[in-house]
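As written, the chains take the letters A, B and C, and residue 1 is the first residue of each chain.
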């Protein structure tokens, strides 16, 4: 009996399988075939010769590295804070933008705010190095007006992460609001009218109507971003320097430095595998939490 | 949107104050964003500019002229436009089809398909295996090697799925009763209802392809087929090693290409705005 | 379903992995006809593949250049121009996929690394039998000899840095160019106190690269180096480094060194220089000197720049030379052919050298009397094309032809002359497996100690102690043992 429904199922859904076929082939070619290369984590592999099986040696090298664990903790801290802050700012800004009624002003704000997303990190780093310069940067200029001595922000362990988060917000908040503005615009107007009838004031409306209505969007974006969070590289690489190594180094920059001279792809693949496994853990935890809280998860 | 009037009468005062403050706050965010951009603009037309000076001392558009005139500048720009447009079309089609398929909870193998897609977000074969695969499948110098991996991502598929899940199932049932094939349901019902989703995800795909340089560098070695972002990167990173010195012209060109590469999307977003209206979106409360 | 997918994928990739290595060992031949090679007679190859990442690109005439190469030699030139930034990755991928060019260049530690991996053809015998052995300066050959063997032909005379000073400020103060460290510091102090537009007396792009801080490092070196007795030591742990750190720390405290030196990049240093607020900057000799001077005077017309002789306590240094190499996967007769028809041709002191250094006649340069006059570049007619692939200002080998001189003027020539007076080549580090394992952590440690001590966050004694302790823990003694064995 079960077999018959299974076969029926396939017949019933045959068009769907067909629709999925091109996507399947694309993933096969660009993701799944190369993915077998993950086994290189267990090999000593450089571009010059045959891979040599060495078991867990790459992982041993990685984990016993002088600053690997510092980099690991930094990666978790920096990325998670960045992610949380990012969502908070993007949702907050989207809510504020929603309060603007002039369509022209709305478009203007959003268009301008999302420009930094298009700039490469190299450009952004050089611009902000100038802005934060202890010699003649704007920020220190303003501090001096207040009687505060200039601070060498990017070279100061106490300040680097704060500055890092701010620069990231500058670059990505505008872009992040796109999806939330779309979500807010789609909230059913009836809900608002019902709330007004119930005597709910404006601030309460935001917290009890708008946010719950877009909670699903926030959750989806959160979990999806969580999957990529450990891969952070570009912003750290361009803003790092030897004085702030201890607080700024992340797994990807650490592995990149090792890789520059050695061409040891077995080692960098092992690091990638490690990051993937941790990402799986993070996403699973988040998904389970969301199931408990909202009753359903992403998957 | 309800039309609100500014009013400083007793009950409305706080609200009006809030709206004015909000307007100012957002204006300040815009200024913060735009100042560094103004600096880059100034750098692109003022050969004497340096540091954080924002005032123009001299105006010289030769950098922009050279971009418009030189085929090694405008050809890659056209390649960028072409790959972005076709890539977005192809990517959006594949993404929406995938999203539509994975909301079919009762389909045999449904769980496997969803896992298979999500898995790709977490695990990656690495540079060399991917390169070898592309090379041995004969996809070098083929724009599909950029369009497919960049235009089709699990991230977007899952976003699309979430959008589609908010379409009332009653619409599907009605269509089935009418005897429509899944494909025509997809084409005639799902897509028209998903304008905000198509606009957002379409924008995401377009931007990813437009900004991409790595896939072009790796898989499109033919210099006639390269895209604009590769050129921008070359110019920005052409830092002097002993022997290759950088001229004033090149510095201005550096800034000019940054402005040029941003420009198209400044024009696009206002047009997309109209799609972000009431309709099916992620997060709308299900009936 | 997943199981089926997995099995199928594994099968496909297993097949690929079996096939791929078969491609990676020398099957991409430079189509040499397979006739037997009699001793002494080297068959001319029908084509050569060369991967380049600087010099001519499509915009300023690679098509014409390769056509000219074919016309002059009868060999098809397959030029692969790749972006400079991704060159290392692309070369790695070329090796991984078995599609390696016949000729490519490597420098510094990459050169050593490739040798260690057995990826390069041993050219020692070919070189020693060739004219190039005597025509190219022995010190340059030494720069690319590793463990007694030569694996490449020098691409250029290694570039070095010289110190540039604002002559107009010196004149204003009635001072002469410094000849000792004491005079150097006095000059910096004078700039800082008496020249109002001087915001930064001395700037540098970071502290780790000793070529940018000659006066401060003097005979110290933050890397492995050879002492007077020729034994390898860790320069960073040496007493000379303690003295250098002290000098830098004191100068930084007085704000004679740029406060932002830690976060400076070469581009930001140059920008600051062009704006006219920097007094002293140690940078590359030759074309860069000209640029530094010209762009500064464009902003500050009264400015004058001179390169100064090295102060008594130090000498200028140059970087490791880069070498053009041939992959080891080529057969010996192919290696000999490429060596003869490419390497010997590019440095033949005559027609070949002119082609590689100056380019195509009447397109990129023209003959004027007994001189070569560069012509406007095809991609940017406002500027002259100063080099094709190698810099004719500093050829590896002197031109045999007498009518191919080039006129360089002013600071270009001056800086090169000064550099050549007393320049030292850093010794080439041997290949060490241990070093490869610890290099990234070791360099990070050095940079950290340098930065912290110089800005005053750590005393010189503490810094040296910490470095000595932690570098020993990382395994530096083993590296030195390996180095000194060779």
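Basically, a residue touches a chain if its C-beta (ideal position, glycine included) is under 8 Å from a C-beta of that chain, and two chains touch if they have at least 3 such contacts.
Fair warning: this is a prediction, and the values are worked out from it, not measured in the lab.
Taking each chain's centre as the mean of its C-alpha atoms, the one that lies farthest from the centre of chain A is C. More C-beta pairs touch across one of A-B and A-C than the other; that pair is A-B. Chain B and chain C have centres, each the mean of its CA atoms, that are 38 Å apart. Each chain gets one centre point, the mean of its Cα atoms, and the points for chain A and chain B are 16 Å apart. In this assembly, the C-alpha centroid of chain A lies 37 Å from the C-alpha centroid of chain C.
Chain A has residues 32-33, 35-37, 47, 130, 136, 265 in contact with two or more other chains. Among all residues of chain B, those that touch two or more other chains are 51, 113, 115-116, 127-128, 132-133, 233, 237. Looking at chain C, one finds that residues 5, 16, 92-93, 96, 265, 267 touch two or more other chains.
Interface residues of chain C, counted against chain A in their complex, comprise 5, 9-10, 12-13, 16, 21, 88, 92-93, 95-96, 109-110, 113-114, 117-119, 199-200, 207-208, 258-260, 262-263, 265, 267-268, 436-437, 439-441, 444-445, 447-448, 450-452, 455, 474.
Only residues 47-48, 50-51, 66, 70, 72, 109, 112-113, 115-116, 127-128, 131-133, 135-136, 217-218, 221, 223-224, 230, 233-234, 237-249 of chain B touch chain C when the two sit together in their complex. Considering their complex, residues 28, 32-33, 35-37, 46-50, 61, 65-67, 126, 129-130, 133-136, 152, 154-155, 241-243, 245, 254, 257-258, 260-265 of chain A touch chain C.
Residues of chain C that touch chain B in their complex: 1-2, 5, 16, 19-20, 54, 57-59, 80-86, 89-90, 92-93, 96-97, 99, 156, 159-161, 265-267, 270-272, 274-275, 284-288, 290-291, 295, 298-299, 319, 379-380, 382-383, 387, 391.
Within the complex, the chain B residues that touch chain A are 1, 3-4, 15, 18-19, 22-23, 25-26, 29-30, 32-34, 36-37, 39-40, 51-52, 94, 97-98, 100-101, 104, 106-108, 113-118, 120-130, 132-134, 137, 139, 148-149, 152, 155, 157-159, 162, 181-183, 186, 196-197, 199-200, 203, 207, 211, 232-233, 236-237, 258, 261-262, 265-266, 269-270, 273, 276-285.
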